[in-house]
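The structures come next, written out as structure tokens.
Presented sequentially are two complexes of subunit A, the first with subunit B as partner and the second with subunit C.
Entry: the complex of A and B
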């Protein structure tokens, strides 16, 4: 399947070494090293302004690299033009050529490259077949729905059989239902083509569901990289812990009450009746101020623990999220399954499951 | 209801009267051109009561109308083509390329908009004379090639094209020429047509510059040629009107064909000129 498109698509890796980007005095990418493997689906995720799109545009060649190097496969492409890098990009706004038909949009790059007419036609029709666009080839972009336009944008990338596909928040303009559908289609496409794909999103659900590997960015630096579940299970700092997982992790300021060889006993600030025993390989000294991180899905209702006054309950059917506050006013969310009638207005005592507390130092680094 | 109908009828009446006043000179020119010279200066009434084509046959057989047509068409077409191509390229550079002095250059273009063209006639005439271009097509054409409004309008429209489209073309392997001729120009055919019409009409109607730079009858454009009929035949009203109508003919036909575009062009031009 898709052989002619795969033949030319020499999927290859992408390697960044000390990549930096400055706009005037403002440094937005502050020295990024990364290796994206051949055929891998890598996702750059992070909040607005973290530099993820800039990094993608640097790989595409749409932004100059101020320092460091970018290689695609064995080739150093740091100073090459976008068209010579063997990449294709799908933009958030689709960036379709409005005056051209779907067919002409998809054929544009091949015609510029002066490929034989028969080859152009075969590739466009094959890509259209993959993307269910065969019936729309003569239409103009304005006559298509949002999802179809996004497919055309993907088709335009596919026909070039690039070494690397780049996606810049491609699903952001779609409605929720279509986004889920397109997400699945992208996953299938990746499987079918076996191409290297780099995908930028601020939506961590997209990141978790699509990625072989996630790169979490903040402040122009890669905070952590790894498989989605590795990031979820073992975040390296407070930022990653808070960013990966939905709803976000609860953070409680705490003080180390005592330490022993295998861990600490930590007491959340303002909770005189509650302390947690946590196993750590390198426990901090007694008296150290730390932050405890507990995911909403790891808080269970028990006889002893944190007393949470629930004020809002989000009922999602299968699960519900109870939003409340501790006595000191700190916000806490915990997840419940099978609770159909809200706990809103009640006081619940919750405690984390065994081994499900993360500890962070005052700088946000993980204490393991 | 009746009051409203009466108001509408009154309004329509006023419009009809205004239209009649507006069209009367054209009607009068046509009527005059279809009369004998003697009749015109004796007892000419308002009604068109004579169909005498002698003025037309006289003008067509004795004047250099076909050559003036050729001169007008050739200079206007060349001016339009060069103004559009250079204006579009200049606007593209100012809009899309990043180079030192870009903003200053744009200010110069905008500033040149404020210089009244007649103020340049003497300098331009001396220049054309030095270049030995008096009495030539290029003498008529060159000074009319500077049309800042074309650059300003194109730049505004180029600025509005999303950056991602430009980047998509760059990734697809296109360069600046591909961008200009396969993206920016096709996306702006409407405005190109409008600018072409403005430029063509302005060049076609230009009287004063061709009148200054051309003295040979063989190089005259139609507006200048009309004055020669006056010289050759004395006060020859019928022939002058016949020639004026023949001169206006292609423009009227062109207007009827491109009516919608011309209206757009005038509106764009008015919008930019404020």
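Entry: the complex of A and C
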């Protein structure tokens, strides 16, 4: 299937060196270095305004790069036109040409490049086959559903057989069910084409499920990069720890009560009865103020620990998320599996599983 | 409250709300229009009753050479204005839409300014600019033709110059419509096209032009109707002369009605012009629409 569109070894990596972007006095990308490998599915994730879309548009050539360089494969493309970079982009709004049929939309770039008619036809029909659009080729975009429009936008990208695919929040205009379905299709497409893909999203679930490698962006800087589970298991700062994982990690202010060679004993603020022993390679001094991070799925009900007054229980069937507060008012979420209703309004004592506490310093950096 | 009662109330409210418009429309538009239709079948003077003459006025019009001259001049004027003004407006709109923020607002205001002037002021300005003795445009004309030209008294110059004045006066509105149309084209289509390898020229012809076409067709149709109704500028600048070279249908109607007191005949002229405009504009709009659909 789809031999002609499959990567024939021309997928390439993308390399950024000190890339910066300013709009007037406002610097939105503050020096980004990254290497995206050949055939890799890279995801830029971060809250809105973190610069992820701008960074993608810089790679596409839709925004100038103020400083630094962008290379696609061996080629420096920092100052090249978008069309000459060998990239194709799928826009959040799809950006389909409303006056052209599905067929013409997909054939647009090949026709501009004056490719032979037979080749254009073969490529468009092949892409339409992959994307289940064969029955809709004569329709106008307005006659298609959201999911179909999204497929046309992807089809328009794949007929060009680009070296790099760029996706700018491509699923955010779809409803939840379709989003899950398209996510799977994108994962299959990546496997089938073997092309390098860069994908921007604010949705950490999309990032976790699609990515070979995630780049977490915040404030115009890459906070951390790595495989999805590495970011989950070993976040390098408090921002990444809070951003990856759903529901978010619980954070508790705490004080280091004592330290020994292999760790600390830390007591959460306002919890005179509870302290946790945490083993660390570089333990901070006693008296240091730290933040403890514990994921909701790592809090278990035990005889001793944090007393949480549960006020809302989100029951999802397989799991439930218990939202509550500590005596001092700090919010805490913990996850339960196999437990049915009845926790709302009760007081539960929870404690983290062994070795599942992250420690952050006051600047948000991780203490290991 | 019962359903029927509520419906009746709604109807009453609806009628009350449209009543002011309907009464003004009926009194000042519908009644005179029907009166003109009736008048065109009589030999009535401007004021007072006349005798029923059937289609005699229309028959007379068919043999009236001045009427054919007027129609020809009308069509000549349409050719001089409709397409040129649309092209000029499109060029201006494309340039203005490249400007940003305040600069764009300022330039747009400058182009729109003539449109707010009353026609008498417009013709006064241009009559002075083209004045044979003192007009500031005469040196320019002299460099082209070798001598100054009294443009509104010259049979070759009169219609083109009235067209220039008209375009200058009314173009701002077309620019406004086209800019609104351009703003409606999403920017990411241009970005997608840039990534697809379209040159600026291709971006215009393959994206801007087809997506702007509904607005362009509207501008062309509005212009056709407006320019067929030409009267004020001719009346104020050349009075239809010289040698009837700027004589137009409304001019003839005005003369028959208000100078020669031929109410019936003038009504027949008005009716023919009315039908002419309806047929032409409907025809044009349909043709343009079909062209748009084929794209």
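Throughout what follows, the second predicted complex is superposed on the first by the 364 of 368 C-alpha atoms of A that agree within 3 Å, B and C clash if a C-alpha of one lies under 4 Å from a C-alpha of the other, contacts with A are read in each partner's own complex, and residues count from 1 in each chain.
By our rule, a contact is a pair of C-beta atoms (placed from the backbone, for glycine too) under 8 Å apart; a residue touches a chain by one contact, two chains touch by 3 or more.
All values reported here derive from a predicted model rather than from experimental measurement.
Undergrad: Quick check on the subunit A-based superposition: subunit B and subunit C, clash or fit?
TA: They clash: once the shared chain is superposed, the two partners overlap in space.
Undergrad: Between subunit B (first) and subunit C (second), which, if any, makes contact with A:221: first, second, both or neither?
TA: Touch partners of A:221: none, neither subunit B nor subunit C.
Undergrad: Determine, under the contact definition given at the top, whether A:99 touches first (subunit B), second (subunit C), both, or neither.
TA: A:99: touches subunit B and subunit C.
Undergrad: Looking at A:178, would you say it contacts subunit B, subunit C, both, or neither? Reply first, second, both or neither.
TA: After superposing on A, A:178 lies clear of both subunit B and subunit C.
Undergrad: For A:71, using the defined touch cut-off, is the partner it touches subunit B, subunit C, both, or neither? Pick first, second, both or neither.
TA: Neither: A:71 stays clear of subunit B and subunit C.
Undergrad: I'd like to know which partner A:83 touches here: subunit B for first, subunit C for second, both or neither.
TA: After superposition on chain A, A:83 lies in contact with both partners, subunit B and subunit C.
Undergrad: Is A:108 contacted by the first partner subunit B, the second partner subunit C, both or neither?
TA: A:108 contacts both subunit B and subunit C.
Undergrad: Taking the superposition as given, does A:269 touch the first partner, subunit B, the second, subunit C, both, or neither?
TA: Touch status of A:269: no partner.
Undergrad: Go through subunit A and flag every residue that touches subunit B in one model and subunit C in the other.
TA: Subunit A residues touching both partners: 60-62, 81-83, 87-89, 91, 93, 95, 97-99, 108-109, 112-113, 156, 160.
Undergrad: If we count contacts the way the header does, which residues on subunit A are in touch with subunit C in the complex?
TA: Subunit A reaches subunit C through residues 60-62, 81-83, 87-89, 91, 93, 95, 97-99, 108-109, 112-113, 156, 160.
Undergrad: Taking the complex as given, what residues does subunit C use to touch subunit A?
TA: So the residues of subunit C in touch with subunit A come to 186, 188-189, 191-198, 202, 206-207, 210-211, 295.
Undergrad: In the complex formed with subunit A, which residues of subunit B make contact?
TA: 162, 164-165, 167-174, 178, 183, 186-187
Undergrad: Can you name the residues of subunit A that touch subunit B in the complex?
TA: Against subunit B, the touching part of subunit A is residues 60-62, 81-83, 87-89, 91-93, 95, 97-99, 108-109, 112-113, 156, 160.
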